[in-house]
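Heads up: the structure comes next, in structure tokens.
Chain lettering (A, B, C and D) follows the sequence in which the chains are written, and residue indices restart at 1 in each chain.
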């Protein structure tokens, strides 16, 4: 017996990647594939890479079409998924609804109001199983809020260090994404002529909507940790005094897929025993970092030892986005720069495929948990490189 | 009357870009173009874009060949330029020698020893005219140490804020470069198959040789400033207690040319009057940043008002590397994120062409100063886009 | 004294490249820069690479704005230039009007009707100075029809062979273009996500509008030649029986600029004296082609010996589009494959920058001829590589 | 029970792709992975995308290491596979040996001598199951010569038309490949800085080693056909008088993977009833081609109706390489240009992933046939796009 699944938003990049993964999933049957303005057209006209589904006609994105499936994936613009989910549930009370959009990610109504505007649609179980407590919430759930692509990378990159009290809660994220992260929207700055051979930034200065999501996740990770040796007062459950802050600068890179995130924070205790070391002329970076880096590596290796999709690379090897192409993996590497700032700085590099682990792969991983299937079912861990 | 110029290292990327610019320079005549292993071959075999020089035979990179010119550009691996410059000077005592390599950039012998090893070759006038005091040193000089490409971007990005006391001397640089920054060396990770569609990092954790150069420049910029309102004690000339620290993470981007640097630092005074604001849940980033950002913009606009090659973009416009392709320009934009860290954070984005303003264009700009020509002679300020 | 120039369609790719070149042209002053829907906005918002013109306000594309200049460049969608040119001429009878669009390229009204539809707008002097007779027509003209980018490459590639009677008039053109050739139009298939990492075709089977333009040019070239040894009957001026046919397949390549055209045709006489050689199992391609190739190379070298912008590369060197980036050059190489087809086949490879020699550079070259300036004034012959 | 497989040449691009596919194959277990100079290192250092095999130590590429497996894939430089296969067979007489190199592809010793030099190593069953007769030869075989990537595309593109007598045996192939086709060899012209933003050609004029392979395949296809209406005399089995000729021009495209081939040939009978039509001014290309194209489409649809990996796209849709990325598919579309040449011309466009259907996927497809498994086992038909 297999589960029937529907995909709304099947002409977009997230929808296409969902269908690619679902075609390789042994426990599902693909039912309705729907679209908004393209309903009635063939899927093959919009997703020529999905050869086995080329002749499928696109249905309408409405509750009547989507109901009757065991699982419904919503890959829609924000604002659309809340009401539609309610309608589907009326018709199919047991349907698992997996929202790849932003609507139900934020628990903080004020943050929602600031970054998205309008009434807070409420929050659903957050679909990053690697976050403390998330896997338990996702098991058997009928609602999943799939994380944003940047927050997936940034959270996996810094959560262990915050949980371990290794770094101060003052995070700097500079992350570059391939253009598919911006969707299949015909905006001039996304034209091939504009993006090839060029790097650019956007949403600089705290304006990107993924910022509050990173704050939420990293604050949760920090408060979940034991923080031995952090030398700080214990954190309170409400977290106000302990909120992590994030400076997030997103870049647009000349490639279709992939996110490479550089996530860094000041250490809580100096990287070297010698407090005069940081930045002082007598410090020798060629000698000292090894220890601090080794300590950081151990924290990360322990944190992700049992995770099937997160790999801390061997020493000396650095993540590349190419190695994650089409795979549900997150590749990590860490380093401590003892000469950066008063205490030294932890730098973590994370690579994911924004459409796979960053969206559709993460969504299928959560579907597996929701349906009680092995979490890794149908999810590739091998990238398509070169 | 024109000046005769020679280019050593003419088969490489810096050498090629030098020749491209020199072909368009109205006051120079191109003399010897030399190479190491390729001496005797035609330049056209290695630089097919330099059509007017296609038939030039490559000479040997030695003092005999290079002497007798008014200006000699050295685009050689590090370690080679010091002895060669001395030999050339014996033969041509008045020759201006412009070193595009790293040998004479660092003033600190200890930093040289740590990052390059071997004896410190000494320092030459540093070829970033936009740095405080540099233009004066370069006027009429017979020696120029052309800056590294990343330090050019990072220094132009953060020097004004440090000089103005706007930020704390704890700088985070995440900068992505096109592959030509790695030179024309046949290393597997630089193959097109490896770099296209992929982002990667290298030299993470303080190991990149451009780090001490950024420290040197930004420390100089900071000490040159008056820092009204910084609330700090005055800086001493020796600067030991005031040294700027830099966390530098370089990325390799899938494009031939261009550097996009995201350079950030904590503000010295909170971005908002309300010290509780930073990171607190009641803070509204949509309302507050404007003022702090506006203050920062004014500092940058004032700092670069008279600079012919540095442009602070209009509000709302962000640098792209494509806009600098082949041009000797640096495009900047600044923002303050008041919610980042305890005091808010200044984020500056800089785009340059690593081969033009980042190497060969900067070198020609310095040659102009050395020869007493108008600084802008022969240097394009228009990029080749798209 | 300099000439004043206006550019209509200044926000597009052709318009931007025109302005880049005109900024470097010593004999012109840039006057009005106009747009359709973007009138009133700043040029810097649309062409950030044109730093010296960033503050220019875009005027309206109408006769009142464009009149009063010595030269007006029209970079507009087809259909727009004819009526506008007439209106401008009423106001400025002596203005030179250079049409970068397609309206006035075809002399054959029937071909116009078939490929563009609507009434034939008539033809203007054709702006490819390298075509037989064209330079004379362009000298002092007040009207220029700038060629299409593909026809520029294909014509320069095959005209000498046709004129010399080396090949049969049965031409196969397969040419790949960078995406800027499709303009700055926000169509889904031109998105960076779609074009990066992908090759595609369009207009296959004779449907591309540049096909009749190639037929026109190559037929003209063929009829202009003496064809010694072709063994054909003499061609008649009306050309009907002698029309060249062209099979043209355009490809879209993952790069912003550049055209690489592979243009081939059967030889008129077998490549080897041994008529059994072609395609027969005993033929040795490693030995034979040299002679036939050498004969072909001589024809091309002679044809382009005096051309400032067309280079037949040295033996063994093949054109790359990178070597032409931003330059007004066409790089050519030829080979004969004696084993292809009954008589052997001539293959000519041409590389140009579609926006420079293929559009804006060709336009400025013609402006120079129209104004009586040296043809090469202000036109770069050095590419921006890598 | 599963089959054990070994891969020699595991650090290269073909080797990596083989391992990616074999990791997803349900009937195999991966045994030895071997290398030449890298033996003793970890696979993860060379193929970071193969996460599940990251800790595998590379064995030596020798018979002792490779013997003892049910299947051995050889992804080695040409010349290496013949002797090694013999040695392996001595130790493991029943091993299936799949050679991804060129050694055993050509049946014609003279062609081998001309294009590769040295003694002809003999030919093995040719691994393109879609060729007439090939599937039968591959069933249960213990030797497979995997086709070259270009010949795979060109053969699938033109075989049906030749078999049906639709075209004359005078084929023109212009095909662009991603850079992985050139292997992981550190040659300057394959550097990212050289290939990004650039198109180039190589092996022009008949010199590419894939040319005789195309001739061999297409001659076989032609002789296998019935050719109704071709108006030619019957072909003889020895084929001398009937040999197909191929003009092949390969291009290097700025992308890691993918081949897009434009394959064309003159029709045997005019595309229109009106023999005056072709190229004559009264011909209307907008009206006429439909019929001839439709006839061609029917031939192709019929030829590939039962093929699991070859798709003739719906009318109006053209192949893109992106749609084949990582998939074992070949996407085709055909058109007739009735105005090209004396009789009109058939143009066929084929897209494949050079590493999948073009090498490793084709190899696994043949392994399936050799082992008696369903031919499609473990082979993706869904591309990774965008």
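Throughout what follows, contacts are C-beta pairs under 8 Å (C-beta built on N, C-alpha and C of every residue); 3 or more make two chains touch, one makes a residue touch a chain.
By chain, with names taken from UniProt: A, B, C, D = N-acetyl-gamma-glutamyl-phosphate reductase.
Keep in mind the model is a prediction, meaning the values are calculated, not measured.
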Subject >> Higher-contact pair (C-beta pairs counted), A-D versus B-D >> reply: A-D
Original post:
Pick from B-C, A-C or A-B: which interface has over half of its contact pairs in common with C-D?
Top reply: A-B
Subject >> Geometric centre distance via CA averages, chain D-chain A, whole Å >> reply: 38
Original post:
Between chain B and chain D, what is the gap in Å from one C-alpha centre to the other?
Top reply: 47
Subject >> Shared interface positions of chain A, touching two or more other chains >> reply: 13, 178, 180, 184, 191, 193-194, 196-197, 254-257, 320, 322, 325, 385-386
Subject >> chain C residues within the chain D interface of the complex >> reply: 108, 110-111, 114, 170, 172, 174, 176, 178, 193-194, 196-202, 204-207, 211, 240, 243-247, 249, 251, 253-258, 260, 262, 264, 266, 278-282, 284-286, 289, 293, 318-322, 325, 333, 335-342, 345, 347, 349, 351, 385-386
Original post:
For chain C, which residues are in contact with chain B within the complex?
Top reply: 13, 16, 20, 23-24, 42, 44-45, 47-52, 54, 180, 184, 196-197, 256-257, 311, 313-314, 317, 320, 322-327, 329, 331, 380-386
**OP:** Name, in rising order, each residue of chain B that touches chain D in their complex.
**Re:** 13, 178-180, 182, 184, 186-188, 190-197, 254-256
